[in-house]
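Heads up, the next two complexes both have subunit A, just with different partners, subunit B and then subunit C.
What follows is the complex of A and B.
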């Protein structure tokens, strides 16, 4: 009896094997093609407003054999983004895999035409698109950015990634916006979305990323120039390093800051008068100077730096207020400290924000004059 | 209390992060979720305390044992049947939710039945083993996966991209009346203690449940609710947060581990949660099968002396859950689980009345002896 039972058990276990479907449902890696970035442009065709450009990694058998970057591009127009991508699937013999896509480039024209909501919906709805992919604006259009391969690009890691991943260049001029960050900024009314602008540099060999767009009322873009982008980055604590040029009282030197701490406060008095307080702490050393410097005068240089930084921040804040844009999130800060039924309405807050006093306090301390005095 | 007690209490809490609990809570973020969570923490700790204190009086006895001893047949048969259904549904909800997650994120090409069957198959083999072995399985898997999940939670709450202003904003909604749906779904996190109904069989030695245990349970639940609710808000803001179908998955997708083997935390998170979901289904269905054993003697059903009776309940479970995996869509699943949580929030406190009755009868029985 024992024998039959154990035989039956074995039979049962083997019958489980029939549940295995083998490789029927599984696609081999060589049947997939990986998308490295997607560009979305506005096309001239009115019926098919979207133009999708995909940059695909061309598989190579080994890195040694083919160390240079190799890409294929697919371009298609469509009424919706999905339609364009569905058509693109007929352009290539393999399955398109978006799981490794880390960069989204939106054409400048599309941003100007206020199509961000539709694009965002597509990007969020697809589960295979990473929420940690970076979202950027391509100037003059996305196609040019996506199709450019700068000199010295290595296979498998597009050099445009390096600008944003905090691993290659860590310039204070580069704004990094993740897709999920862009989403929350688009949804919330106290924090405006900001996107970096990617340009092809003049000699057509590299990219330039030092400007940014702030979407006013989540719609019309307002461009921040390089300096404003730098100030934005220092204030919202995205960067650890920045250079500030100080030109005051016959001194011209460049301070390299290696520690930046900025705190924002919103204070509301009676009759909805708002004051915005920015408290910045800068620590650094002097990287370049026109005149010979004296170590004993470091406190004086620090004061000059304080004055310069205060000027720049105040100017930047005035710019934000006059345009009514809020990428730093004072509106959110206000919401975070006021109980919900006592808050002013969004319109009222916008008005109050525009008329708010700005109090900037900078405390700088320069620790060294560099290797020479 | 023995450490095994904490395992099944904890698993019920942690497993629900991927289920519909966070999305129900976040849907009502401005309608009294925060106060509902506060209320649930207090009542939840209370119910855990009452349940634990009741069962430590009867070491090694399961609830069906006690019911059989003290109540009439017309009372305990329907009650145990109801409990079987409750435990089965609790496991099934986790199963269906996780199947949906897998097909959405990990294996979109696989047929849905195959995914659910592969989970069910591994769970069912676990249902049939002995109670103490179930607990050992739980311990081993917990030891492997739990530190890594804690690490992901830690990473998330210290991430540079989490915006604490959103969290503060959400906390300020505390002065509202608690929302019923939010309350019942966060109360569900505490109901892992209900597994004591069967697992008390394992605790043969008299246990202690004092203030130390109550306070530690209290803090664990506060931490769990905080991660469940506030971390997704920190990453995604409050406005239109209800548009996220699986808030915690999208939160784990917003995490980036720059130097990790897999940069996209989502997949790591899904794999660890596969283990947690497995344990959660295993515990629930094991309890459900054990209940049925009190009502029917499956040993009697034999084909040529081979005992196949014991395979009947798992077979029924499989058939029902594979049917529902195909029949339900996401919105129905969420409604279904929301209603289920509401019913449980009524059912579990009512069991305390039964406990009182049992206690009195047991005392009486002892006295007459």
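What follows is the complex of A and C.
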């Protein structure tokens, strides 16, 4: 009897616990407001250098009734990012939830002013920002990018996401950098961070993403133009598809590559002479041509493509070398394959990288002229 | 004790009732006397097997031999036993100062019914009847082995119900058989009305959630269980039988699994386990995810959930409990109702209440979807008792999740598995995958 009584008492106490469920962690989903993207800009105010722009989803009960995208924006300046966000929390009645934030836009000015380290630190420390969010540069500033809603955007999935998630457009001109990858590139020697540049297109209705920034330590970032971005994507095998225009020996055609394989090697000779070897295999077909093409001449076209691709890659590599930037990661490769006491110092490697021999080998095979004869 | 004394004693026992019929027949130097209970006897049989031959036989000697040759003939045991046999539908016959019993029971409940609890498409369509002998006949005629053994007991102090324990002496799990017999002997109840009660009576624990025996009715499943080394308990007047020992996975099996092709039955089994987990976890996951970790959803889904909860006055867990409560009410009500009304009840409850609740924004649309998904997947669990147990575990998991979030749900689920592991059914670990070969080796002492 005593035993049952004590058991009943325990049960009673536990049932009281149930009423305590209004504790701090329990929060219904309708009391949260989800942030869709964050923009970080440099403000004009000297004391409060950071300007944070949040784009918030407005929840609807049915996307069928409200198919149009609906957002609210919060803007605040602060001395630090946390301060700005803390102030932003006073601007809205609900809890800010960064769990669904997939995109971080950093203003171009901030990048030019070399503030990336501080921003990265904030982004990494905040627990509800996911490391799989994409990080981009907004041109001319983040606010313009964040606040723009292009025509035809569906509710709950901002169209800017589609540029990076690999489900929408799969253009070879788009560099996709995840936050975790960005951090790794920031921390590592011999692998430079690269960020896509998001612009608003001329007619102000869509975004344009086809350029990128390579960050260098303590220096202004170097901008890769569209073509260089394409070559970078090809060499780092970020893309499955690419177009290469070939204009040689009176032929002008566009090769559409649907299989791209690129290997790179670092070979060290004596007295710190380095050679970078790139071995690319391109498979594809001809998508467009000025002249009539003959099936039998496919090997010839392949050779032309090889030549063109080799030219482009060599040019790209020369550009990287002259600027001393390394987004592909030759330096990391060198470090990985050399024992530490035989390794040259970072400064020496930089010098060696600039003067390195570039050997590019391309083997292209075009499978078809793209038309039925 | 002589014949007259026995007769007197029996007469005395029935002195309060006028159901006992006593007759004496005398004809051409032949005389017999018999007594029986009027409502238990098949009059036609009595007339055919006793009365008619009595008048046709030449002498007493011949009639006595005739009676002894009858298949229903039984020697007279102790007088208490005689009393019991009379109450079971035998007539007590006195021939030349000797007593014998003849079973002339009239049974109106010996018709095999069609399956009503365990519905199948491909499996056996018949179920047990309410009559013990018919049931045993069914089992014997489907299980042709001389090793099939049947032991009888009568339990229940007041109603003296006949109980049969059926097993295959070669295949049976001897340890479990011993335990079951011991526990059956210890059963001390006044009235035993259905076999299902043994699930509780043979259980030493005061509170138990999961069934220790499986309740079943189609003969193919009974045969399968006997061949698998299980002990089957049948009871007179009960159209369901119990099989033990069981493991958890027995409750997730149907006989049809063996009747389909391998791929189909694997698919169905997967479906069933999926349904099991949905009915167990979905409401708690809803509470945990919406209130503690909305990041887990896809963005669109998170926004839809958040949007559909707009205007709902309750917290997510109150909402879940509230809707589940009505679902349980609906389930319970539709069992008790006559068939003609139950269709209306489900329509009113399911359709009208569902839409009205969302329109009055007492619960979100998504909640209604979840509750119906849970209700449907609960029905996927093939054995009813397990479904009942799961319904209770589900409630506990919701409570834990609303206090401790997704971590609590994970931990609660772990505790649920630990609990299942700690259970055993008559010496058989509850969560063990049943394996005939290993079972045999174990019983032979190799493992």
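The working rule: the second predicted complex is superposed on the first by the 345 of 373 C-alpha atoms of A that agree within 3 Å, B and C clash if a C-alpha of one lies under 4 Å from a C-alpha of the other, contacts with A are read in each partner's own complex, and residues count from 1 in each chain.
Everything below uses one rule, namely that a residue touches a chain if its C-beta (ideal position, glycine included) is under 8 Å from a C-beta of that chain, and two chains touch if they have at least 3 such contacts.
Note that the coordinates shown come from a computational prediction; the quantities given were computed from them, not determined experimentally.
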Checklist line | Partner chain in contact with A:361 - subunit B first, subunit C second, else both or neither | finding: neither
Notebook entry, point to check: So, does A:156 touch the first partner subunit B, the second partner subunit C, both, or neither?
Noted result: second
Margin query: Looking at A:130, would you say it contacts subunit B, subunit C, both, or neither? Reply first, second, both or neither.
Written below: both
Check: When the two structures are laid over each other on chain A, which of subunit B and subunit C touches more residues of subunit A?
Finding: B
Note to self: Looking at A:261 after the superposition, I want to know if it touches subunit B, subunit C, both of them or none. Which is it: first, second, both, neither?
What the structure shows: neither
Item checked: subunit B versus subunit C as contact partner of A:188, first or second or both or neither -> first
Note to self: On the A-aligned overlay, A:32 touches which partner chain: subunit B = first, subunit C = second, or both, or neither?
What the structure shows: second
Item checked: Contacts of A:7 with subunit B and subunit C, given as first, second, both or neither -> neither
Check: So, A:348: does it touch subunit B (first), subunit C (second), both, or neither?
Finding: neither
Margin query: Just to be sure I follow: which residues of subunit A are touched by subunit B in one complex and then by subunit C in the other one?
Written below: 21, 25-27, 99, 128, 130
Notebook entry, point to check: How about subunit C: which of its residues touch subunit A in the complex?
Noted result: 290-295, 299-300, 302-310, 312, 315-317, 365, 399, 402-403, 405
Next item on the list: Within their complex, state which residues of subunit A touch subunit C.
Entry: 17-18, 20-21, 25-30, 32, 34, 36, 57, 59-63, 97, 99-100, 102, 128, 130, 155-157
Next item on the list: Provide the residue numbers of subunit A that touch subunit B in the complex, in ascending order.
Entry: 1, 4-5, 8, 16, 19, 21, 25-27, 99, 127-128, 130-132, 165-167, 178, 180-181, 183-185, 187-189, 191, 329, 332-333, 335-341
Notebook entry, point to check: Hey, which residues of subunit B end up touching subunit A in the complex?
Noted result: 30, 104-105, 107-111, 114, 117-118, 121, 161, 163-166, 168-169, 172-173, 175, 235-240, 250, 253-256, 258, 263-264, 266, 304-306
